[in-house]
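Sharing a structure, written as structure tokens. Questions coming.
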């Protein structure tokens, strides 16, 4: 009988990005994506989408360069947290406990082999809407904002790694992630992988960094779930002077209706416009795309991806001009 | 420290309904909902939606009366299966092992306190599309049918119970279901509950049977995920001579875009037209609807539910005229 | 050879409604429907939707009672205007010329047999967006607002008449309207009629006033064209404390995806959520609904219409409680 | 006072295309676009979309080369027909009367300066659905087909011309078309023009043939009106082995959600996925796109157009490889 799956990580809880233009970045998430600012501390601003249940899911921290601050995962129980911390410590990637931050209690920090900083936690603060923001739709933590084209909830993160395989294995073995889909080179080496602990096709994706860099961010993603909202936000972006990098279009991988845009701080943001598909099968066999299938993997239909898509990440490296 | 959650059941795997008009029922799922017939055995027909990954998700068995045959759950691992079987046996609700059926291996059968027959299993057969039905969208097990308005995958089941609370507790304690939302009477007794083992708001719902009966089926549900398809299938249903019971409309509970129709055999079928919302929080606090909030729980907007909705189930009982 | 059709009226140009709560009405159209205030004069406020090409399409005038101020039609040419004015004068329904108003030049005023005040005009002012509101989408007169769920353009008006037939004939004979669809009573008398001069199924509809009153307004309508926006605005309406009278749902008549809500001043507003269908046939044979077909005429699918829908109009009459 | 507009042409009535693979072309329109075959005569097949009101809108005629057979316009009245025939004859472009064809009575044939064959007519046959295809939606001439992703109605035609300006002037002066939008080169010469007699932004478009040829067809277009159907038909096309040339995407010009695909006979077909916008203003000022605005004219968002799009037309000329 095979080993039981690790079911100790429940979900992506929040992420932190760096921005050299803090207020402009905050303005983008607030006015275009309809997110709310719910806290400030030091040079960090805490934000949330209207169907995020926790206090915040996005932290924007002022920094010289754009990039990833950290990624936070929530364990499935306090006991699961302890088990994963033990496993991380055993892997030699642990940093140590922090007391907590706005929106959550103590968390254990660590890094991936590629140097992406992560944390795992159990204690979270739920968002309590002020009276005038409470909605009769009781499963929605606050009213849908009447500003911009509001995203519903945090969806996933996509990071670049100097070597995909090693990082994928770390996430699989130490945290229990499952590889849902992957793209292979002709020599069967990993080019990109989509992993999740939940029914989402990916809570995190890893792609081999075309520039050979380590620790970079490809994009963060918020979710609409309805295709029309990609058209709506495309109008708003264009008429607000933003350049859409790609989309609306539909990936074969994950079946996601996508739109990519770079926020004022320089980080790429994906907006997910339809439900995609979901994985409930506990023994899911990884979907493998390679060779002749790759074209449809990347674009099932609609907008193509520009070359920049495969090179640009944050921090920005000098041989990519945007 | 609180007890750890039971994470041994992964998903709803399939269900069986009874129909006094077998071929007409099969025709409905085939021609209106675009499902495929993939097997026959005895007086049962096995069917699947085009994004169902297992061999089949719907069994229609000829029977004098409409109603529920059984509901099948898939465990998260072989070990998890053994643990749940032990728990079921301890509960006194176990029936015993069967060798399997078309599409799956051995399964352990049991009943809920209300008498709904269920089974839990690990071994499943994946669907292998014939060559001409394979699609370059590798995460889709077969081509999208060009017939009717094809549903994508099985979603959930909703059963009537003479007493909701006792059955909810059975599912929670023995199988690890979590109560995601519930409707309470003024005296705080349970009227209805939506439970899941997955990120779906419900894999199963239970509602108190207004007629006081036991073991009845309220409806089975297949999923579209896109709101337009409810309009499309509404056209097809009306123009094919079916009467839509309710919808398209939107529930507050589960945020589901719904449409209800009775298939020719007499069983109610729900079609789920948008992504609804999902629950990734491992410590989700049950949403409770009662009193003044109830109206929005039932209908957030759009089509109302007729009185029949709250009484009609299968087998049909004589004091409901449809 | 039959007489040639009158092609002298091109379109609905604007309408004026009365509101006892001027600022609240303005707030509704501004914050919920994303319309802009573009002028004020006396106790009137002039507003526009973002794809209205003329200066304004809605005038809200403060008044003791809600109701219709006037409806304005644009002629197809200056010559066509003269011809229609001559015809109106001949009909005995003419009032006379006015010099113009904010957004248009001289106009000829008249009343329908039922007493609804109308005007016909040629000279219009086109909207010139301020620099920061100009869009690179050159066929759109201004940017899509980032506020509320913005309607695109004015669609139609629906009025109640003490006698439908006489008013329909006036519009047909004097102004060249064509009856696109109508509902007939069992005795073949007119219950309601949908008329247009354009390819829209209706620029104006008339319904027999169930209270026997004259000159009342049933509703004004703005257009989205995309079904998702009805769901979006339904969320916004409900969470802003408005009660949706009916919808989203789909009429058989006109194939319109509808939502009805009463604005704070008391006037009913329809929001049209899909393209409906259009009539390009110059010899269109009126669609007639009666008897057994009526149910589908009123609701093709989705939300029902409450009894109030068939009685409530503005000014509100005392025997209708809302 | 300026001259009155010519209002003698009401709409595009039908078009005929040539196909070297007749049965395969018919199969495409039937099985992918859900159209019905309603007649055969000689080597021609007559087809219709389910919301086309006339007997047929598409004629496919077997021919050595793909291309345009003819385009038919319906006059606004019998008198209007006579006036236009007189004007055509005066222009020297007339061919003469034909007795009629399946679906219409006598028609007057002529050619544009570029050699595209057209006809104008008044007498049409309305489609009478067989009993089992009648729908309770009385404004729909037949049931929505349950096959493929059915288009609703004919929309427009787009032709290539060796010189755009001269042909545009012919349509304006002789037939009363209005130029709704146009693309200009840096020297202000016409590159493309969108013209209509109806409220549609275009019933016909003309683009300068990049190969300098005369009389070629760029594409014919059928209309969905709902964006989801472009995604649906994209799935069906890809999984049926067709290559989508471009789309789904959104043009700035006409605000059309588009998808382009080449049917088996070689002719390009556009599918129009949303309502676009409409023109009711009888004095519409032509929208002019040039220079820096061109990029957004061609693609507002989503899929790009490949170079082939600007060269490929039918008949296919040898210096374009597809």
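Note that the chains take the letters A, B, C and D in the order they are written out, and that residue 1 is the start of every chain.
Assume a residue touches a chain if its C-beta (ideal position, glycine included) is under 8 Å from a C-beta of that chain, and two chains touch if they have at least 3 such contacts.
Bear in mind the structure is a predicted one, so any value in this text is a computation, not a measurement.
With steps allowed only between chains in touch, the distance from subunit B over to subunit C comes to 1. Simply put, of A-D and A-B, more C-beta pairs touch at A-B. Work out the mean CA point of subunit A and of subunit D, and you get 44 Å between them.
Between subunit A and subunit B, the centres computed from C-alpha atoms are 31 Å apart. Within subunit B, contacts with two or more other chains are made by residues 136-137, 226-228, 231, 235, 238, 296, 300. Contacts between chains leave no pair untouched here, as each chain touches all the others. Of all residues in subunit C, only 31-32, 135-137, 143-144, 146-149, 226-229, 231-232, 235-236, 238-240 touch subunit A in the complex they form.
Within the complex, the subunit D residues that touch subunit A are 227-228, 231, 234-235, 238, 244, 247-250, 257, 296, 300-304. In the complex of the two chains, the subunit C residues touching subunit D come out as 1-2, 4-5, 7, 10-12, 51, 53-54, 74-80, 126, 136-140, 152-153, 181, 198-201, 225-227, 252-255, 274-275, 277-278, 280-282, 285, 287-289, 293, 296-297, 300.
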